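The letters A, B, C, D and E name the chains in turn, as written, and every chain counts its residues from 1.
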Amino acid sequence: MRLRFVAALIALLAIAGCHRPGAPAAIAAIAYGNAIVMVSGDHQAAPAGATLEQPLVVQVNDADGNGLAGARVEFRGSGGASFYPATGLTGSDGQLAVKVQLGSMAGRNSLLAMSRDKTGGRFDLNGAATALGYQQVLGRELAEQHCARCHDSRSTAERVSNHDNLGVTPHSLDDGLATNSLGTADLVAIIAHGGAAIGRSPEMPPYSPTLSVSEIDALAAWIRIVAVPAYGKP
Amino acid sequence: MNSLYSRLRGTAVWRSVFRSGTGDTNLHRSLTVQQNIFLHLASVKIRRRALEFGVTWYLGTLSMASFVILVVTGVLLMLYYHPSVPQAYADMKDLQFVVSAGVFLRNLHRWAAHAMVVLVFAHMFKVFYRGAYRPPREFNWVVGVMLLLLTLFLSYTGYLLPWDQLAFWAITVGSNIISAVPAMGAKIRFLMLGGHTVNANALLRFYVLHCVILPLIAAVFLAVHFWRIRKDGGLYTGDKPRE
Amino acid sequence: MPDQTPHVERACPGCNRRRFTTAGVGSLAIAGIGSAVFGYEFLSPNALYEPSPIVDAGKPERYPPGSVTPDAQSGLYVVHGPEGIYALSAVCTHLGCVTAWRPELDMVACPCHGSKFHIDGVKIEGPAPRPLPWLKAWLNDEGNLMIDRSEALTRKQYVRVQA
Amino acid sequence: MSFRVRGRRVRKWFFGDSARAFGTLGVLLLALLAIVPAKDRFREWLGYQKEYEILIRGRTDGVALAKRFQSGVQQIWLPERDVTDRCMTCHTRLKETSLAGVGQPFRPHPPIPHSLTEFGCTICHRGQGVATTVEEAHRSTKAWEEPILPAQYSEAGCGQCHRDGLKGTPQLNAGRVLLARYGCVNCHRLVSPEGGASQGTDRPPSLKRIAEKTTREWIYFWIKDPQAWAATATMPNFGLSDADARDVSAFVISQSSPGSIAPAVATNDAGAAAGAELYGESFCASCHAMQNAAGKITGGDLAPDLTRVGSKVRPEWLAAWVKNPAAYLPGTMMPHFRFDEKQIGLLVSYLGRKQDSYFPANIRLEPATAAQIAHGQKLVLEKGCAACHEMNGVARPDNFAPDLTAVGSLPPARVLLAPGVPRTLPDYLAAKIREPHAFGREMKMPRNQFTDAQVEQLVTALLAQTSRSQTFPAALRRPTPVNVTYQPAGRAGQLMKDLRCLSCHSINGTGGSMAPDLTWEGSSVQRAWLLDFLKNPNTLRPVLIRRMPRFNLSNDDASTLADYIMTAYQTPAFDREEVDATKLTPTEASRGKSLFYGKYACNSCHIVDPDNDKGYIGPTLTQAGTRLNAPWIFHWLKNAQALRPGSLELNWNMNDEDAWAITAFLMQQKNTRKPGGER
Amino acid sequence: MVDCIRGTSPVSEPKDFRASFDSDSQRTPVRVAFVTRRTTPHVTKAGDDRVMTNPDALLRVAVAVMALLIVLVVVSLLFDAPLEGLANPLQTPNPAKAPWYFLGLQELLHYFPPVVAGVVIPSLVVLALVVIPYFNVNVEAEGFWNRNGERKSILVWVAVAALSAFLVWFSVYAVLVPTLVSGGALIVTAAAPPQDKGFGGWLRSKPLPFWIMTWFLVVAITLTVIGTCFRGAGWSWVWPWGEL
């Protein structure tokens, strides 16, 4: 009796197992390109664990540098970044857009897109995204409020840029070439006491009475983490 | 080693505690039983047939053993238990996560409690089917029924103590059955819980019942139960009374 | 005289029945001793529900120069002397009563047995065997005055603060 | 020897008699009991502590790290906050910044404004603080249904106490704005621990006179898919079938009160061009968006998109509306422009031509039957339309949808799950927001087209609504700033209400954020300028697209308003009349000029000389001398944040000499030329 | 005291009273024989139906206790005692179940009003248990079918039928089935030949209390198992292995 029951159970499980949809069919490439280029979505920053606001769009080119439809692109990320979908085929314009969810820890996530040519040789594209911790999120908010009007050259209807109206053109805040050479103390000093404090343009005003010490630290932390090229390790 | 042991037995202190030897001779063996407070409820000799496994299945012995295990583990658990809301539940977590062997003792207590209920029921049925309740053992049967009820109450009161969902709702359901008693059901439930719902008062009452009152009563009944076994002619072996 | 009483257990003549009994008793004895050792571990709590011995006494600015601030809850005085801030235990070294700061007498007095101390802990009179100990004090990263009640200082150390 | 015989022998040797059984079982029991302490010796957390010791042994700073490392169960115990957190037992050194590059569990905690020992871990991160095993501490178990909060929702932890719009939690703040803006709180209750339910900010229009405004066909088209009409629509999609939408539109029209609108105004094509001009001059685009020729939607999002308004509203209603919006909708944010009949005609001509050819060509509805109207009413009750819209004969339903006050503590076991949704609360909430109808067609919750980011924001805001957040002591809570309902008094007050000043400006904590705060406006400006400005506003910031519209005020109205502002809105900090003339000398002014262009580089943001200065973040100061009062400039330079919190102007903390010098310089600026505007 | 005398056998001739002591008082307990006219101290059989409590009984008890302990320790090491979330009066689990040994009662509550299932039935059970040894029918232990087979058979038919009708009336199939099974077994055994040495004969030799207790046992186990394993949300019937 028990034996029969067990047998029935096993049979049932077996049936259930057979009916379960198997692993998604592997996506096979229809076409093979020669190069992969970034279209948009590189160097975004978002809170740790969040989905990037803009998708990551890459394009696979053929030998002539034209977008190639049907090429298979596979994405991998470090730092916990994940992609939806992780593998896909390029569309008719040779482009493929994927959503990127960042890792759960603040820091840089590298994004890697891979495709193969006819011979099976691999070619890659490296991108990066930044996962922000609390401090950096705060820094980003503060920068948006206090800094972006001068340091960001892009104008929008809501926020017209003052970038081009200044005597000395301000650096973009993610310009690692400019900020990485500054020590953290100097960075904090410029924000707190103005450009004049370390002999730079006085058009950069001092923010020390307006922003608290921790807010200035947060700004500096944000500037550090979004720097391109990255700050710190070469 | 052996000489050390015999020298130890020779000391005045040893002899003051264990007046007789351990069993070189039948006299000594008898004396150990007679002079030991825990064993003296038993007779010095016992029917051979009563020792056969098939006669009793040792269910009474095992019930008593679970009771002893429960007392020992229970006393140890009391050291880490506060009968208050919601600390009681936090104590369960502490037993699980930080007290050395805490979760083992709790498991042992819990499973031994279930085992005791099963064993006591089994004991009762075994005694019944063997006809061991017949005179002169009829009073001991009644004592046994009381012990069965006490076992259930002990288990039931202990069920609330972890103060988790399982405990809370089991006691809520159980105590609502009591309120079905005509006329005074609600009052009995009120007295039992110390309130209209299962609350902090109920926890404290169940704690005191579980740890003090019911074990004491059970101990008294157990003593009577064992004493009566001996007084009613030893373990019932099913032998036909001698003509 | 040999034991002639018939035993139930004759199934194993000449067997080492005694050895088995010894093994059983021995195992139980070891288990008993083991339980005792383990009982010690069981009885020692691994996590304590006690206030941390390290007390956050807030910003040092709370203690103006020349002030003595008793903290009865933590059993200590925060003293801002001319050389800096230090923390003095308020627990009498005699029998553990909590002493009281008596500004009018300019001394620390124990209500239990009449011991009296200077504000630097030195005993003036009474049965107390030792001076009141100085407690380890330091400023943490946020600039708060931290006091470790579990650690008595052997030498006088001050937390210096900018006026 | 057969197997069975050998087995019997073995059995006999071990269990042959009771002595043998006793010995055998004794040894067996001993062995089993030995497992108990062994189990304790191999507790999971001990493994992590060992791992940590190995990790620091290989480091140059290992000795210092080892000194600070404490072995054994570590615990943060905060009885008053119901916190017993043992996370640091495995996450050994949360404060060891030098280990920043190390992975979990030894990674230090990123800097936050709170001390770890003051709040513990689980208040923000959730999970089971008392647990010392990975599984129990982080994941949902039978005994614990609050797993660790996923990183993308971590701001929900902050939101439990902070309801005041913390600067570092943009996602949370945005989520809360969405909850109020998209009408979620009209059906769901969200009560704050201070009492008082959240109020919606989207102000759905009353439908009591809807028949005057629009047609049944438009209603039909709109309720089937509001976003198809206007992408910015905040009304959700109820997933109505064609027949349902037909019946609801029939009922909505049928409940409307009889019309009382004047006959249509004459419109013409020539008027349309002039109307477009008037539309621009009146700065309608500050609030209303419209699709331009390039297909781009431009304009503000405070008011409805007007791209296809001609297909939506009746021209006679439009005329009446432009004439005085409050006559139709007393609670509207739209100001009462004092347009004359001609202007109204021009605007109606222009807006009436903003039509969609698809709409009239494709939507045709037969006259409604009584059964359809009755069915429509049933649907209106079922879907809870009256929770947002005022309607005749339909009362606002109470407790229409589940209370969300403590939704963040909802045990996953108690939520209904759609197929394929993981059994966690955040996933459940996200799925519910994204596609409510996946939980069953009969679900009455409608769907909004939220982006992924918006869904994340909403889930964050909802997860912050824990039951714990309701019980935090008041000292810890940072409540929503109390919603003051300031209403100016008297005739000026009536006027300000009519002009809907508070739709854009805020005064004493009430009002919009689009335009400057006017709380101390009386201390700031000079009356003559103000009067002039009210009658003919020009912009102080030439680059803004949102500007103060001209309300065509009469002289009388303008001076009433100016008088009121000058007297009622004065700061107690100083007296605007108290000017120390000795400090405003020309020498001072010239020193101020050099400070303005030199030390403080004010020209980075402000324009004094329109020909040379280019900075245009701050207001143009060409006429500062006629517009502002000297003490105001002085105090503004000292600490602008104290006068207008949140202003872009820095807190310069300037010394008095410099501040007076710049004030002197600015008081000289009395340029009468109208700046900007042509950009 | 007669019970203390081991190995005595009745003799026909009355003798004078005489007391005798075993010579080796160290070896065996003092053995006192009261010799009356009807008894003799002559020992016909070795007194080996009794053994020393120490060590024979003690050792066996120790083995039994250790076996129990080993089982419990193994179970405790392998399975953790259940612990659910903190008690929450606002959140009723479905189903809310009493401890397993009360689930038979809870199952009865499903069929009968609370007064009956929660009070009357348990009280009757306890009362019945208490009074068992005080009824002759329980003590005599005479096979049920030994006498008056015809009459009893009618009585049994009537009793089982009445009980079944009652149970059907209340739709208590969980009790009805065990009742029919044990009642059927009782009726069937009536047909077993009295001299049968097998199972049938053994059953036939059983007295009425045996049958009642067996019926009670089967019903109790059935109800408890149903309440424990086969009841889900809203006390509806579920299969412990899930839907097939």
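In this text, a residue touches a chain if its C-beta (ideal position, glycine included) is under 8 Å from a C-beta of that chain, and two chains touch if they have at least 3 such contacts.
In this text the structure is predicted, and so the values were computed from the model without any measurement.
Trainee: Among the other chains, which touch chain A and chain E together?
Mentor: Both-contact set = D.
Trainee: Could you see whether B-C or D-E has the larger number of C-beta contact pairs?
Mentor: Comparing B-C with D-E, the pair joined by more C-beta contacts is D-E.
Trainee: If you average all the Cα positions, which chain's own average lands nearest?
Mentor: D
Trainee: How big is the gap, in whole Å, between where the Cα atoms of chain C centre and where those of chain D centre?
Mentor: That gives a centre separation of 52 Å.
Trainee: How big is the gap, in whole Å, between where the Cα atoms of chain B centre and where those of chain D centre?
Mentor: The mean C-alpha positions of chain B and chain D differ by 64 Å.
Trainee: Roughly how many whole angstrom separate the Cα centroids of chain C and chain E?
Mentor: 58
Trainee: Report the inter-centroid distance (CA atoms only) between chain B and chain E in whole Å.
Mentor: Comparing mean C-alpha positions, chain E is 19 Å from chain B.
Trainee: Which residue numbers or ranges of chain B touch two or more of the other chains?
Mentor: 25-26, 48, 51, 94, 98, 100-101, 104, 164
Trainee: Give me the residue numbers in chain E that touch at least two other chains, ranges are fine.
Mentor: Chain E, residues with two or more chain partners: 26-28, 48, 51-52, 55-56, 59-60, 62, 69, 73, 77, 82-85, 91.
Trainee: Mark out which residues of chain C touch at least two other chains, giving numbers and ranges.
Mentor: 3, 5, 8-9, 21, 24, 38, 41, 46-47
Trainee: For chain E, which residues are in contact with chain D within the complex?
Mentor: 56, 59-60, 62-63, 66-67, 69-70, 73-74, 77, 82-85, 91
Trainee: State the interface residues of chain D toward chain A in the complex, per the touch definition above.
Mentor: For chain D paired with chain A, touching residues are 104, 107, 110-113, 150-155, 167-171, 298, 452-453, 456, 543-545, 598-601, 604-605, 614-617, 639, 641, 648, 650-653.
Trainee: Any idea which chain C residues touch chain B in the complex?
Mentor: 3, 5, 8, 38-39, 41-47
Trainee: List the residues on chain C that touch chain D in their complex, please.
Mentor: 9, 11-12, 15, 17-28, 30-31, 34-35, 38, 41, 46-50, 52, 142
Trainee: Could you pull out which chain D residues touch chain E in their complex?
Mentor: The contact residues of chain D facing chain E are 18-19, 21-22, 25-26, 28-29, 32-33, 35-36, 39, 142-145, 411, 414.
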